[in-house]
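There are structures below to look over.
In the two complexes that follow, chain A is the common piece, with chain B as its partner first and chain C second.
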Partner chain A sequence: MIKNYLKVALKVLGRRKFFTFISLFGISITLLVLLLATALLDHVFAAETPEVHADRMLGVYRLMMKGPENTMISQPGYGFLDRYVRPMAKLPSIERIALVTEAQTVVSYLNGRKIQSAMRHADGELWRVLAFDFVEGGPFTTADDENGRRVAVINETTRERFFAGQPAVGKTIEADGQRFQVVGVVRDVPLLRYSSSADLWVPISTAKSSGYKQEWLGHFYALILARRSADLPQIKAEFQAILRGAEKQLPDPKTFKTLTAGADTLFEGAARIFLPGEPVPNPGGQMRAALLVLMLAFMLLPTINLVNINLSRILDRASEIGVRRAFGASSRTLVGQFLIENLVLTLIGAAIGLALAAGVLQAFNASGLIEHAHLQLNFRIFLYGLAIAIFFGIFSGVYPAWRMSKLHPVQALRGRSV
Partner chain B sequence: MIHLQQVSKRYRTDRVETTALDNINLDVAKGEFISVMGPSGCGKSTLLNLIGLLDAPTSGNVALDGKAIARYGDRDLAKVRNERLGFIFQQFHLVSDLSVADNVEIPLLYRTMSNKERRKSALAALDRVGLSSRTRHFPTQLSGGQQQRVAIARAIVGRPGILLADEPTGNLDSQMGDEIMSILEDLNANEKTTIVMVTHDPRMAEKTHRVVRLFDGRQVQ
Partner chain C sequence: MTRHLFKLVWNRKRSNALMILEICVSFLVVFVVATLGLFFFDNYRHPLGFEWKQVWNVRVDADQSGGGPGGGTPEQAAIFARLLKEVRAVDNVEADAGASVIPFDLGGMSGSWTIDGKDVQMDFAEVTPGFADVMGLKRVAGRWFQEADAALAWDPIVIDQDLARAVYGAADPVGKPFGTPGPKERQRRVVGVVSDFRKSGELMPNGNFLFQLNSLSRPEARPLRNLLVRVRPGTSPELEEALVKRMQAVAPDWSFEVRPLTQVRATSSLFFLTPLIVAGTLAFFLLLMVGLGLIGVLWQNLLQRTREIGLRRAAGASRKAVHSQVLLEQMVVTSLGVLLGTLLVIQIPVLDLIGVLSNRVFASGLLVAMVTMYLISILCTLYPSTLAARVQPAEALRYE
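What follows is the complex of A and B.
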């Protein structure tokens, strides 16, 4: 039976080629955009080098101090993280905690040439929380940080810029008016990996000023590596309990009364940036809901288009519907047949969309629009695309299929659709 | 086999009520070949649609093999149509995108059987109507008479006990019409298929066992 339906489905597509083209165009472009968006989200949030443990990693990325007349939101400061978050490493559910700054642009001068680089200050634990791919040398250690050693880990692009691609370990690099000895070189990290991308990393203790040590608000964040992903909810709850304790010791209690922050996954951390207003308890869930609504809204127009085209095809096929009813097709059977036909159409459109997405991503990666980005269609993305196509096929086929199945056989045989 | 008791069919719109059939009583025995005749608009096709369960009477009862179908739902009606009835239409109503063999298979799609069995039955039905050499052709490649023979093959492929033919020779010339009629007579004589045929042609009607005449929706002698 399915073979017969497939034959009919392909023949129907060939009947009115222009409408078929419009349908396939709409489906493939919709899928293309959704696949590109999914590939981008996957690139930013999926567990990839160096964030290979993203599934069991939390970050404290933002802190809000609020008073009756003042509100300050920023990355946490070293003082807050060192005093309240670092001690959490003793919890049995936590493997280790790293502190690192956001990437800041620093200037270097080499042979009269000005070079701008993104630099982070980090402790020695960073290299054990994140799994950077070292192509030369190794990381600096906690002892290096405690002893204030001026050492640096650089990426391949920086090695190319400063040392013409030659081995760099042991050589000196100047950045932000300071000189550091290169101890390791890592593969480039895509720019959109916002918690780990940089051109060079140096120990926290090499910061020019020590004022950071007392700050509650600053430009640091903490990366918490749990032992198991199942421990994340417990760690989040523990962090909130610590926050309630920290709230009682705010540095300026007359101005600020409450402290708000979250131990967030990568996705939740990004969601907090995009969701306006007061921090919410479940930013990840709200962001997912928002993305889902956006996706459905984006799919609405091509879906309506496809529904209309399918409805117009009822006229063409009224006689066939009447014959099938006469020879024993129930309403349910007809709905199933037409859903299969619509699925065939959407799967063909999806295949075209997938091919287009592969081409666009290849061109995008080659363009260098996002530094070190390598967006790709992997099996997971393919499954997302397939799921979207199936959902699209069913969603846009249900109403026309239902209308077709309700055609009165006598009217249908007379070629009437109403 | 077919029993209609005080069957009426009325169509209502906001302003007008039209009586297509009025108080029809009809019994068709197993193995009978009857024709239904009357002027255009007298209700012949409506009667056929009611017997074929494609429509429901406004009042009265329709029964097949002693079972009243008034309370049957959509799935039950579909099952009866599939297993007990076969239709032959004046316009043939073949699916132009499907080959002859695929068209004939349509009734069997709604039964549980393998693709192999389905194809075997379709080929047997086509052989019965003399179209074994046209199985891969498409309807547009056939003459009117051949198309109607495909339609007959489709109607009999499931071995229904009852065939309902709505002016099966109406779109054919006399020679082709005679060929079609010959096939129907053969089905009735050799396989005891009950046939109810709507026709305008008295020559065709003469070949049947009995003629039922309608006028303005009523049975007349």
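What follows is the complex of A and C.
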């Protein structure tokens, strides 16, 4: 039966070429845009190098101190993380914890050339929480950090800029008025990977002054690697309990009364940074809802358009429907048939959209608009795209199918309008 | 005639309702993109109130964890003062100044103060006396800050014209107190007025601005985050390295990053314009999709009405008459969609949903959206209505 429907569907598409063209144009453009958005989200949040353990990783990315009159929101400071988060590594469910700063621009001058690099200060654990691809040398260690050794890990782009792509391990690099010895070179990490992207990593203890050691608010992240992803909820709860304890020891108890933060997955962390206003208890859920609303809002116009075209197509086939009705086809059969036809149309459109997306992404990567970005289609995105296409096909097919099934046989046979 | 048209549209209300909905939603899409674009364009036409082409900013990163709420200590303020002196002595540097906030930067300080019972919203910055020379501010009344102001028993401030108008109306603000001081605060007094200062750049609307003096020598002084330098035209970028070396020698523990304001401006423009470019591209494709869809639907509708049109032709109606009937019917449908969209959009000023939108920008956005929808509608009707007008009466009357 389905085979028959498919045959009819393809025949119908071939019959009115102009209608097929405008439907496919709308569908493929809509799916192209949605696929591009999906590829971008996948690029930022998927469990890929260096965040291969993203499914069992949490981060503390934001901290809010609030009092009756003052509110301060920023990245947590080293003082807070060292005192309250680092000791959590003793919990049996946690494998290790790394502290790292957000990326800051530092400037180097090399033979009259100005080089700007994104630099992070990190401890030795970072290299074991995140799995960078080393192309040369290796990471610096916890001992390096404790002894304040001026060593650095750089990425390939930095190697290109400073050493013209020649092997760099053992050579020194000057940045922000300090000299570092290069111990390792890693592959570039896309700029949008907000917890791992940088050009240059150096030990925390090489910071120019030691003021960071006392800070509650500063520019550090804590990255927590759990042993199993099933432990994440328990670790989150544990973190909240520790936060309640820390609240009692706030440095300025008159100005600030409460502390708000979360141990977040990559997605929740980004949601916490992007959502305006004060932090909400469940940033991940809110972000997901916001993305869904955005998607539906974007799909509104293409859907109305497709419904409109579909209705016109049905009028075209009124007599066919009339015959089928007269010979006893139930409304449900007709609805099913039309939905399948519409799905076939949507899936063809989706395939065109996928091909277009591959081209657009290639052009985007080549443009260098986002540093080190390498957006590409993969199986995950394909599955998302398929889900979106099926949803779109049903969403835009239900109303015309219902209208079609309501067509009166006698009227339809006479070829009258709906 | 008009009544007749409405009747024709009403007779096909179901298929027309969908078309009206489609036009209404497209109208909203065009309105949003057009208003955003016009908002930037309207802002762009007004003067900035400063000159940025020859100015470099040095971001100064002292360890500001100690000290008061702003961070930093009086000792660091003294180091900052030494940096200013050091930089001023370099060849090709025309002026330099410290500032808590720099032009075009996305960050900033803003707040709302109650003055004489009025709530006034403003942005503000702490600057050193050199700021007016570095940024080329235009003085309108009174004077700018001087080094000697550090000895005053009250806090001197300079405000921009907007703020002067908001607080003092037509009266001369110079010498007047600015609000009532809170506990532990000193009285603020206006010493001068400068022309409108638009810190956020050309694309953002003009707002109230207030300058406070940071003299760096008072006991409560804190270091500033930015050191602005005006260089002589034609200065080569190599001066950057020399500047950083000199500053590094004065404060080896601090970090310095030089960024010409041209670069800061480019970053901020990209930040504001990217959403417009993305939304504009999406809207273009959506409208193309809608346009093609309308052609298809109209074509099909007219095919359905071949008999009706044939009858009119047989009764003596000219091709032109058929043409204009189709076109006018579509105009009625479009008008209904546009009307519905307008009714929705009008809610924005009525409910005061977006404060920054001026009436002129809002009205122009509406107009652009209307014109666009009528144009698309006419364009999409032309081909189907030509086909309809070509119908031969004999053929049409036979048609089943």
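Simple rule for what comes next: the second predicted complex is superposed on the first by the 415 of 418 C-alpha atoms of A that agree within 3 Å, B and C clash if a C-alpha of one lies under 4 Å from a C-alpha of the other, contacts with A are read in each partner's own complex, and residues count from 1 in each chain.
We take it that a contact is a pair of C-beta atoms (placed from the backbone, for glycine too) under 8 Å apart; a residue touches a chain by one contact, two chains touch by 3 or more.
Keep in mind that this is a model prediction, so the values were computed, not measured.
Enquirer: After the alignment on chain A, I want to confirm one thing: do chain B and chain C clash, or do they fit together?
Expert: They fit side by side.
Enquirer: Between chain B (first) and chain C (second), which does A:62 come into contact with in this model arrangement: first, second, both, or neither?
Expert: In the superposed model, A:62 contacts neither chain B nor chain C.
Enquirer: With the two structures laid over each other on chain A, which partner does A:25 touch: chain B (first), chain C (second), both, or neither?
Expert: Touch partner of A:25: chain C, not chain B.
Enquirer: Check the contacts made with chain A and report whether chain B or chain C touches more of its residues.
Expert: Counting residues of chain A touched by each partner, the higher count goes to C.
Enquirer: Students often get this wrong, so check: with C-alpha centres, what angle lies at chain A between chain B and chain C, to the nearest 10 degrees?
Expert: The vertex angle at chain A equals 100 degrees.
Enquirer: May I ask you to decide whether A:193 touches chain B, chain C, both, or neither, giving the answer as first, second, both or neither?
Expert: neither
Enquirer: One more residue to check, A:302. First (chain B), second (chain C), both or neither?
Expert: In the superposition, A:302 touches chain C alone.
Enquirer: For A:159, decide between first (touching chain B), second (touching chain C), both and neither.
Expert: neither
Enquirer: What is the contact status of A:236 with respect to chain B (first) and chain C (second): first, second, both, or neither?
Expert: neither
Enquirer: Least CA distance chain B-chain C after superposition, rounded to whole Å?
Expert: In this superposition, no C-alpha atom of chain B lies closer than 10 Å to one of chain C.
Enquirer: Does any part of chain A touch chain B in one structure and chain C in the other, and if so which residues?
Expert: Shared contact residues on chain A: none.
Enquirer: In the complex, go through chain B and note every residue touching chain A.
Expert: 49, 52, 54-55, 74-75, 78-79, 81-83, 85-87, 89, 91, 93, 95, 97-98, 102, 105-107, 109-111, 115, 154, 158
Enquirer: Can you name the residues of chain A that touch chain C in the complex?
Expert: For chain A paired with chain C, touching residues are 18-19, 21-22, 25-26, 29-30, 33, 77, 105-107, 109, 112, 114, 116, 176-177, 208-209, 211-212, 214-215, 218, 298, 300-302, 304-309, 311-313, 315-316, 415, 417-418.
Enquirer: Which residues of chain C touch chain A in their complex?
Expert: It comes out as residues 12, 14-15, 18-19, 21-22, 25-26, 29, 63-66, 237-238, 240-241, 244, 248, 252-258, 282, 285-286, 288-290, 292-293, 295-297, 299-301, 304, 400.
Enquirer: In their complex, what parts of chain A are in touch with chain B?
Expert: 1, 3-4, 7-8, 11-12, 14-15, 319-320, 322-333, 408-410, 413
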